[in-house]
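Presented sequentially are two complexes of chain A, the first with chain B as partner and the second with chain C.
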Partner chain A sequence: MAEVDELSKPMFAGLSDVSISGDIPVEGEINVPVGTPSHDDEYSTLDEPVKDTILRDLKAVGKKFVHVMYPKKSSTLLRDWDLWGPLLLCVTLALMLQGGSVDSKEDGGPQFAEVFVIIWFGSVIITLNSKLLGGTISFFQSLCVLGYCIMPLTVAMVVCRLVLLGGSGMVSFIVRLIVVTASFSWSTFASTAFLADSQPSNRKALVVYPVFLFYFVIGWMILTFSPSA
Partner chain B sequence: MASPDDLKFQEFDEATDLLLADPGASTLSMSGSSRTAPAGATGDIKLDMSDDEGQEESSELLRGEKQTSGFWTFEYYQSFFNVDTMQVLDRVKGSVMPLPGRNFIKHTLQSSPDLYGPFWICVTLVFSLAISGNLSTLLNSLRSPHYHYRPQFHRVTIAAVVIFLYAWLVPLGVWGFLTWRQREERQQSGYSFLETVCVYGYSLFIYIPTSVLWILPFEWLRWLLILVAMVISGSVLVLTFWPVVRDDTKVTAFATVATIVVLHALLSIGCKMYFFQTATRTPVPTLAPNHTAAILTNKTH
Partner chain C sequence: MASSDGNKNTEPWGGFDDNIIQGTGSAVIDIENMDDTSGSSFEDMGEMHQRMKEEEEVAEEAEATEEETGEDGEFLGMKGIKGQLRRQVADEVWQAGKRQASKAFNLYANIDILRPYFDVEPMQVRNRLIESMIPIRMIHFPQKIAGELYGPMMLVFTLVAILLHGMKTSGTVIREGTLMGTAIGTCFGYWLGVSSFIYFLAYLCNAQITMVQTLSLLGYGLFGHCVVLFVTYNVHFHSLFYILWLVVGGLSTLRMVAALISRTVGQTPRLILCGTLGALHMLFLLYLHFAYHKIVEGILDTLEGPNMPPIQRVARDLPVVATAAMNAVNATVKTLGVILQSQ
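Let's look at the complex of A and B:
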């Protein structure tokens, strides 16, 4: 026992001199409990009523809509990305663009599948383009931003349909042109505010141009929508 | 008694030293002495492989060689998009202003082709053709009182197929032919496939403003625009490919250059005739599908 004490004393004495310098990398995570400890509902969302689950997701989607309408430099859209909002907007837009020119397949407006493909394929291609140019935004974050920024154009589509109810002459065309141009610039500006920060500064224009083209094509589809006679 | 313990201790030391040197390296789970979970190890191993490839790639670049990462990695495709805004604008300017003696590939591209320009120029051209064609049909038909506007969205699909086929198959054919001749005749090095695609892509840029100007319903203006665009983009292509074929036999050289020019002309004339129909016929909507079918059959003859 005495021997063990003699052996252990120098070891413990040496240990008291040990100090960890700052530049030795230490692996592992440090979890600091933040906020209230009552996060039991995180683990028991199975027990809550379905209405709560749906409302929580709808509230998250609604909050992001507000962020798109007032594009400030907040990172909520990027941090908590989801694809519900873009899906909702895309389906609404495609359904509303569908109602025209049902008399002949040829020479008509875009079909539902064409609008869907253009929006999703276009978003994927723009995301790939920005990643290939060296962007730091992730794939789904970029899809989320591009999808949510279609919202001004969807609002413009609703307005155009209402205007078309009142007739389709020159005045209604000019009104529609102004509305679509304003919402297209709003969409481009909002998505650029989120996307351009993730690019090196000498390539920003290379990333913004495809976004501009994308919303221009969608705006064109909205502007040229004509209901069946 | 102490030796197996000593060996175990040294292994652990080596591992920590290695980890200090390269924190991103994977750690294999050996019997009992490791801290990483097996599932994490497989994930780390995957990351490690791509890291190694990245390190290999950067060290080879330092040695001055071209990258050799496989075509299944993301970095391979990233190397084709290594351009800045000013570089793209310079290349577009070089394609619009061909000067004799200025080989587009050697001078403007400086043998570092990119895929950004060709791809987005083709996409823009597709949409500008479809939209301008639609606008010109609208202008033609404003005179008829019973006209009901039609968006003609199927033209986008047709334009996309035509332009992308031209921008990828024709360079493939030209490159294949030139490489075959070069191997046969043992001439100077030709161009790589990517450089050929790049030249063709940038040469299509002049058609974007041309297609917008084609909206104006003057037939003489449209043909004049075709002539100007053909001269500019055709000379870009000729100036690029002439130095490679001129060492060949006269017949082959002239035939190659003539084929390039003729294909380019066919593209522009075909686009003009399909998307921008003349105002001489009375635009009745029910006749429109038959007329476009007639134009298509005329083209195939």
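Let's look at the complex of A and C:
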């Protein structure tokens, strides 16, 4: 490395005054021993157009949605975990649960932040619980699975909103009850199909119960949602 | 910040300074917007200093083998190398910060500390749930209390869910706060707070019980609460609640009290400890029933008047079926209120 004495010694000096502007050209071949080689030298995704990146991520998310709709014992969901899908579902659910208060001055319905916090902290607690019970699944894999399995409940929320457009009597309540119960059992079944495999076989029930409770609370929030008049 | 008494200000961006590392020991290294606070400890400063010395040695070696060096920085190649330097320095700082963070994480966020308390089988949990309703009369030998946290935690969460259901069906409107927050705060507050208080009293009364055991004992005692509330939030008969309160609440209290008595010596400590626990346990069930239940609306009408509490009950769109029953019970309670007021 070609280096000048007065520049090599005070390495940190004056760096506060430095703004790394983009117009410092590097020309020619400079072989410099770099401390850590960049991780994806062979497969760099920084150079591809943004459209490609987004489409690739969207395809991955879509594939996982399909896996949730038809839960089979596959390890794809676990292996390539991502949190985009859960974030999307969580935000959609929280937005749709807004404005569910009879009295508009005081927000009796769940706020956006409330739903968000419940979903994420509930997932974290269930993950910690399954890890403490001796599970082999990693933290983010579990968050990923739990987040993706909220999808049936989001679909149920959409259906409930549509049903509520037609009135809020006894019939609509029964329809909503059936829809929410069906989707909540679907969610629980889907997530246990992925999560229970990672537990020792005699403790599956201990892991399933908090998941059941978690989706039950979310389903309850959806069922008791009534839009402001 | 590093002041540039810049004898080397040939660069438009200010040049390196001579006097930063040689003994001034400035602890703040700022690269762009990166604040590195790990340099504030002596060890890190020493470590970084050491590494920088190594860097300099490497740089000097490389310099000795290179031919094209210039005194000033106008040379185009130099700018590229300075860029590399900056990157390297940033990398060093990042590594140092990461090292420190992972050390702290491994120390504090190690969940393996809690692992032994979650080592249960479903059969054990089921048995403990049933046993929490059965008082054992052996008080001359310390009763075995399992130090387990899975069952209590699941019971607290179940209680939260039941409470939410009760609040929603009774149309409770929380003025400052949210339904969910109130439910979670109440249940966890009770479990953790009363457990700590009982542990403190046990310490004063010289009882042989550990904190995990009080948490476990009280947690399993909430099983009775869950059962009673689940029934009475759906079947609204006042007398039924009182009977269940006495029987179910009483059984679980007796179980906890017997376990505590078996671990305490002396009449007065036993009395203090068990009296406190019994009172708090039974009163909590009473509070949970009445604070979040629609019956209270009747009482509020007659007794409270203009003083609106922060948790305000507002009659809402209740289903038609319940209204008739509600009216009947409201009438009963109103009469009761009138009688109470006239006394």
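Keep in mind that, in the parts below, the second predicted complex is superposed on the first by the 180 of 229 C-alpha atoms of A that agree within 3 Å, B and C clash if a C-alpha of one lies under 4 Å from a C-alpha of the other, contacts with A are read in each partner's own complex, and residues count from 1 in each chain.
We adopt the following convention: a residue touches a chain if its C-beta (ideal position, glycine included) is under 8 Å from a C-beta of that chain, and two chains touch if they have at least 3 such contacts.
Only a predicted model underlies this, so the values are computations on that prediction, with no experimental measurement involved.
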| item | value |
| --- | --- |
| Partner chain in contact with A:Asn202 - chain B first, chain C second, else both or neither | both |
| Partner chain(s) touched by A:Pro210 [first = chain B, second = chain C, both, neither] | both |
| Partner chain in contact with A:Trp220 - chain B first, chain C second, else both or neither | both |
| First, second, both or neither for A:Val50, with chain B first and chain C second | neither |
| Contacts of A:Leu132 with chain B and chain C, given as first, second, both or neither | both |
| Comparing the two partners chain B and chain C, which touches a greater set of residues in chain A | C |
| Contact residues common to both interfaces of chain A (with chain B and with chain C) | 24-25, 27, 106-108, 110-111, 114, 129, 131-134, 202-203, 205-206, 209-210, 213, 216-217, 220, 224, 226 |
| Chain C - residues contacting chain A, complex | 1-2, 4, 6, 8, 13-22, 29-32, 52, 55-56, 58-60, 62-63, 66, 68-71, 73, 76-89, 91-92, 111, 114-115, 117-122, 125, 150, 153-154, 157-158, 160-161, 164-165, 168, 173-175, 178-181, 314, 316-317, 319 |
| Chain A to chain C touching residues, read off their complex | 1-21, 24-28, 30, 32-36, 102-103, 106-108, 110-111, 114, 118, 128-129, 131-134, 170, 202-203, 205-206, 209-210, 213, 216-217, 220, 224, 226 |
| Of all residues in chain B, those that touch chain A in their complex | 19-20, 23, 74, 77-78, 80-81, 83-86, 88, 116, 120, 123-124, 127, 131, 134, 148-154, 157, 285, 288-289 |
| Interface residues, chain A side, partner chain B - complex | 24-25, 27, 100-101, 104, 106-111, 114, 129, 131-134, 202-206, 209-210, 213, 216-217, 220-221, 224-226, 229 |
